[in-house]
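There are structures below to look over.
Same chain, two partners: chain A is paired with chain B first, then with chain C.
Up next, the complex of A and B:
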């Protein structure tokens, strides 16, 4: 392997790793705040990518339909929870009206950037609504119940993806096609964009968690739920925000990765799993750990696929076993109860 | 009261039986096709062709007066789902024959079930191991040509292009490894060296690592053995890695998705394809040219676009089962399922010089594929269309 090849693989691995890092961040954020291990994390990537493609190519904007559906259900649940039966017609009429509007409007052909932004916002909203509809009603349940719920979410969202967009593959235009040549190493502009966007998001997240009251409240809810509650932080509101941010992060990942590959309704699972492996490698607790873990998984995957393409995937997924063993050993040595 | 009701029920049942015997029984064919999942872009054309075939046969009076009924189930491109589908088709729908499946892993997975239940199957997938060894594949036939036929045609073209070294990249499943095995036989025989082999999973979206390994080996030509969209991903990755040589694709790529996703970047790509892909350019000297053109005309009339080669495989499965059933119906009633299935199988094996869309089928007890090298046509891609080589 020449230096050039190694650098190429490194950049390539970092690009994919950045995507896994965004997913891992979302998984850790949700886990910290709500104790939910979100199997459906990758489906937010799929929704983000396909909604953006739909908005820019004039195909049925399934993501928006999903957002309308989820919003209607959310409003209904909120009303029924407060026993305000008289107002039930309001969200139903609103939802039906919006649905009609989506169908009646001429097909949209948004430029890539607005399409991406609308898609991310829609998916973040869907994430929040899904928290309200599926996780919050059983907030005190154990982790196994959450695991089953999110597995159901994964199956349901993938099914909806198939329903909305069909089994085809779609490409999304990159903001700027072509490659940068640095010596004999080629880097596509999209890769640079992926890395820059990830850095920007990390910076924004850092500001949010360190500098805003809401971010600090989220951190408090993650560290000590009971304590956070005592000082007036609503756990359900924290969970709602965690799901919205997490779904939005994954949608950003989807929009970023769509030009590098083809977007399909079943793209979510393998991305979500690799994000999960990254999060576990990083300890499933800290945000820097999740980012470094995701990057490590991406780089390892690139080199493993180069070295022995037949076992590339097996090596990535197999990584989780030694990492967990090492963690258990480390905990034992420190004498902390596992 | 109760007795009268039983009496009436009994009479109704007797009537139903009588009329059932008077009317010709349906010939039920089960089809397990990948309508969703990674292989869905192949399966959709197959289902369209089967629906059209069923309609055409029944409009023309059925198979010797018997109505043809094709029951289609979705395998979701999943081998275990395919096995369930086949079981359901055989036990619940009483299928007399099965058309299964779209992909090689699915087709291999259902062999045991079919052999045990003694139901003839026509597979629409590529791998040779679906019908070889013929002694263990008594009930299994297939319509797509063997990989060996298509690979040998491509290697012969490589030699004509002056290619001395070739790199291979393909699926890590039965389809990709089948192509590799045939390349390993055909390339040395033609004096071409295989300098690198890479594999990837059907669902992989990033193949840059494999591509740069291939490009570093610097072969004169690269052979990609995959289906869309993964085959497009592979070609894009190889071109992005700066590869300048000739790129060969497999005949598994020849549907609309391949050309639509690839666009102008596919110019100069070479592949051996089935006659149906270049139906409008076929010389009339080929004995099956009119069968191909007839099929394409009917398909286009209904669906408005030219059929994929996979649609052709499904059409051929229909043609073969129709021809075999016509022979069997003279002596066996479809009511006796076991006897009919067995006779149907023997009749398929006896088809010789049978002109269909994929070429001339010559089945025999040793050859359940039946297609010779006459069915492979070499083409290049130019501006989103295929051009005949030579």
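Up next, the complex of A and C:
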């Protein structure tokens, strides 16, 4: 392997790693606030990427359809929860109206940036709605129940992705095509954009958690649910926001990765698992840890794929087991009171 | 429903129903249109595989998202051995199952150290890796295009090709799986599996080797998956990696979740999913041109819905049809009077060497020294009270002595043998039993809870349980449990233990601890939640146990109780030993009064 190849692999790995880092951030955020391990995290990436593709190329805007469906269900659950039977027609009619509108509008051909923004907003909304519909009703249930629920969400969302977009793979135009040449290393502008965007998001998240009241409330809810409740922070609201931000982050990752790799309905699971490996490498609790872990996974994957192309994926997934074991053993050694 | 009134009729009715059911199962493929024989075969195959998953997920609480990998190993193992290496097809089915079991052993060995959702994620990763291997090992498996050289199963010239005949093979598989699970869950090993699901700590304190038992359950589920996979491969005569991917694992888990923790759960769940497949295919033919697409979305939805509506699946319903309860049985002494034989293996030798000795015991959690240089000795026929304000380190001391937490310093000796740092199950085997401050009763009937207490002095592992053997040990455990329950004055044998009032739960825990015939008994606040009369009964019980020569270590906040029953007291405060002596002496100790009542009172 020459230095040039190594550098190329490194840049490639860091770019993918930044995507895993965004996913890892979302996984950690949801885990910290709600104790849910979200198997469906990667599906938000898929929805974000393919919705942006759909909005810019005149294909299905599945994320919007899903947002309408989920929003209708959310409104219905809210009304039925308060026993306001008389108003049930309102969300039904509203949902049907929006559904009709989506179908009746001519195919979308938005420029990349607005398409990406709309897609991210829609996916963030879907994330919040899914929390309200599937996680909040069993808030007290054990971690295993949560895991099975998100497994169901994974399967359902992937099926919907196939329904909306079919088995094809799609590309999304990058904001600025072309490459930067530094010596004999070639770096695409999109790679630079991915890394810069990840840095920007990290900065924004830091500001949110450190400088805003709601960010601090979210951290409080993550540290101590009962205590947060006592000072007036609603855990279900915190969970809702965590899911929305997390789904939004993943959708951003999807929009960023789509120009580099093709977007397909089944891209979610492998991305989600790698994000999870990164998050666990980083300790599954801290945000900087999740980012570093994600980058590490990306780089490792790039070099593993160069060495043993067919089994590169298997090696990265297989890493989950030793990484989890090390983590559990570390906790046991530290000796936390049972 | 009054069980006693219907008791005489019920067995005959049940037998008749079972006979009719068996006939119906045998005749089914000929009663239905030929197409349905296919569905029956799939239901039986998936049902058997899901039955293994029920043991793993429903009873042992270990969620597997990688079960399709074992299913695939069984399928590929069998047909590749038979098709490429000329092994006899019937033998290849067994070998396929063995390969799955071996894989489950190797995979389970590391990952079963994880628990909860970490374990589920690790199994998911294993499943994904296995699916990649099925595709990549193309020279053996045929790669993504699948494996086609599947020979035909035949016996005495009868070929098992058409689904009507093949059905009987799958039926044998499913019935064996269900029957052995039904036998297992009622056995000693089955109770231990169910116990560790509720509380690993409590199960281990009853002598259950949690790690080993988990691995056995995992291997058993893997073997069933492998057997089902081999049958599946011979049935459809063509296999490709897509049948064993993550989607397949989730499908199997969906079946198990729909069925719930009941021996019939796997088959019922498989029937529901298989029928649903068929309905979806017919009602919405080729929606969007994608076959199988709507099913996928539906599985996802169903899995979420089952968790939201009934996390126990159909188990409550199935339990009504087939209760699987353990009866106290005839010949059970229910009189509270003098026990037939001693409850404890205590031995009445009073005095002499201390039975439990704690020397300079210490336990540190990070910066907190929870227990610091704790020392005492406890003889047979003695009750030692361990008291102190909240947070003094009493429960930590209990956990260290019983082996749940390793100490950071000091030694624990049982009958003069050093047991420091040994696991709770080994310490339990040496004759130490305990109760828990936050009652840790298992999710089963009161009688079964106390029978689990007999774990250390009965025998019978997973094999005994699967084959329905071990009757004499069961009878002995039942008698012992009934007697211990009589001693503590609880007679609601069949009630769900966790549904009892807290006071009763504590007494059941004491009975469970006694059922292990301990030489040393550790009681963590046994009187909390008891009414006055019950406390008096408890005091009488403790005294009579002491008369029998048992060594009792008692943590209790009820000072009246401690002062009247304890021979000596050790007072702890902030992890250290504040005072030690007979109750009268300790009661007057100014340091003790200060610790309990604050500075001024002294």
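One rule holds in what follows: the second predicted complex is superposed on the first by the 322 of 338 C-alpha atoms of A that agree within 3 Å, B and C clash if a C-alpha of one lies under 4 Å from a C-alpha of the other, contacts with A are read in each partner's own complex, and residues count from 1 in each chain.
One rule holds for everything that comes next: a residue touches a chain if its C-beta (ideal position, glycine included) is under 8 Å from a C-beta of that chain, and two chains touch if they have at least 3 such contacts.
Because the structure is a prediction, the values reported are computed rather than measured.
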Can A:144 be said to touch chain B (first), chain C (second), both, or neither?
second
First (chain B), second (chain C), both or neither: which does A:124 touch?
neither
| Is A:37 in contact with chain B, with chain C, with both, or with neither (first, second, both, neither)? | second
Looking at the overlay, what does A:16 touch: chain B (first), chain C (second), both, or neither?
first
Task = Examine A:155 and indicate which partner it touches, taking first as chain B and second as chain C; both and neither are also allowed.
result = second
Practice problem: Mind working out whether A:320 is in touch with chain B, chain C, both or neither, as first, second, both or neither? | Solution: second
Counting residues of chain A touched by each of chain B and chain C, the higher count belongs to C
For A:290, decide between first (touching chain B), second (touching chain C), both and neither.
-> neither
Residue overlap on chain A between the chain B interface and the chain C interface 162, 167, 310, 313
In their shared complex, chain C is touched by residues of chain A numbered 37, 39, 134, 137-138, 141-149, 151-160, 162-163, 166-167, 269, 273, 276, 310-311, 313-314, 317-318, 320-322, 324-325, 327-329, 334-338
Per the touch rule, the chain A residues reaching chain B in their complex are 1-2, 5, 8-9, 12, 16, 162, 167-169, 171, 179, 186, 188, 257, 260-262, 264, 266-267, 270, 301-306, 309-310, 312-313
Interface with chain A, chain C side, in the complex: residues 61, 63, 65, 110-111, 113-114, 116-118, 120-122, 124-126, 128-129, 132-133, 136, 201, 246-247, 250, 253-254, 257, 287-290, 293-294, 296-297, 299-304, 307-308, 311, 364-366, 370, 396, 399, 404-405, 408
The answer for chain B against chain A in the complex is residues 35-38, 40-41, 44, 169, 172, 198-201, 203-210, 212-213, 216, 228-229, 232-233, 240-242, 257, 261
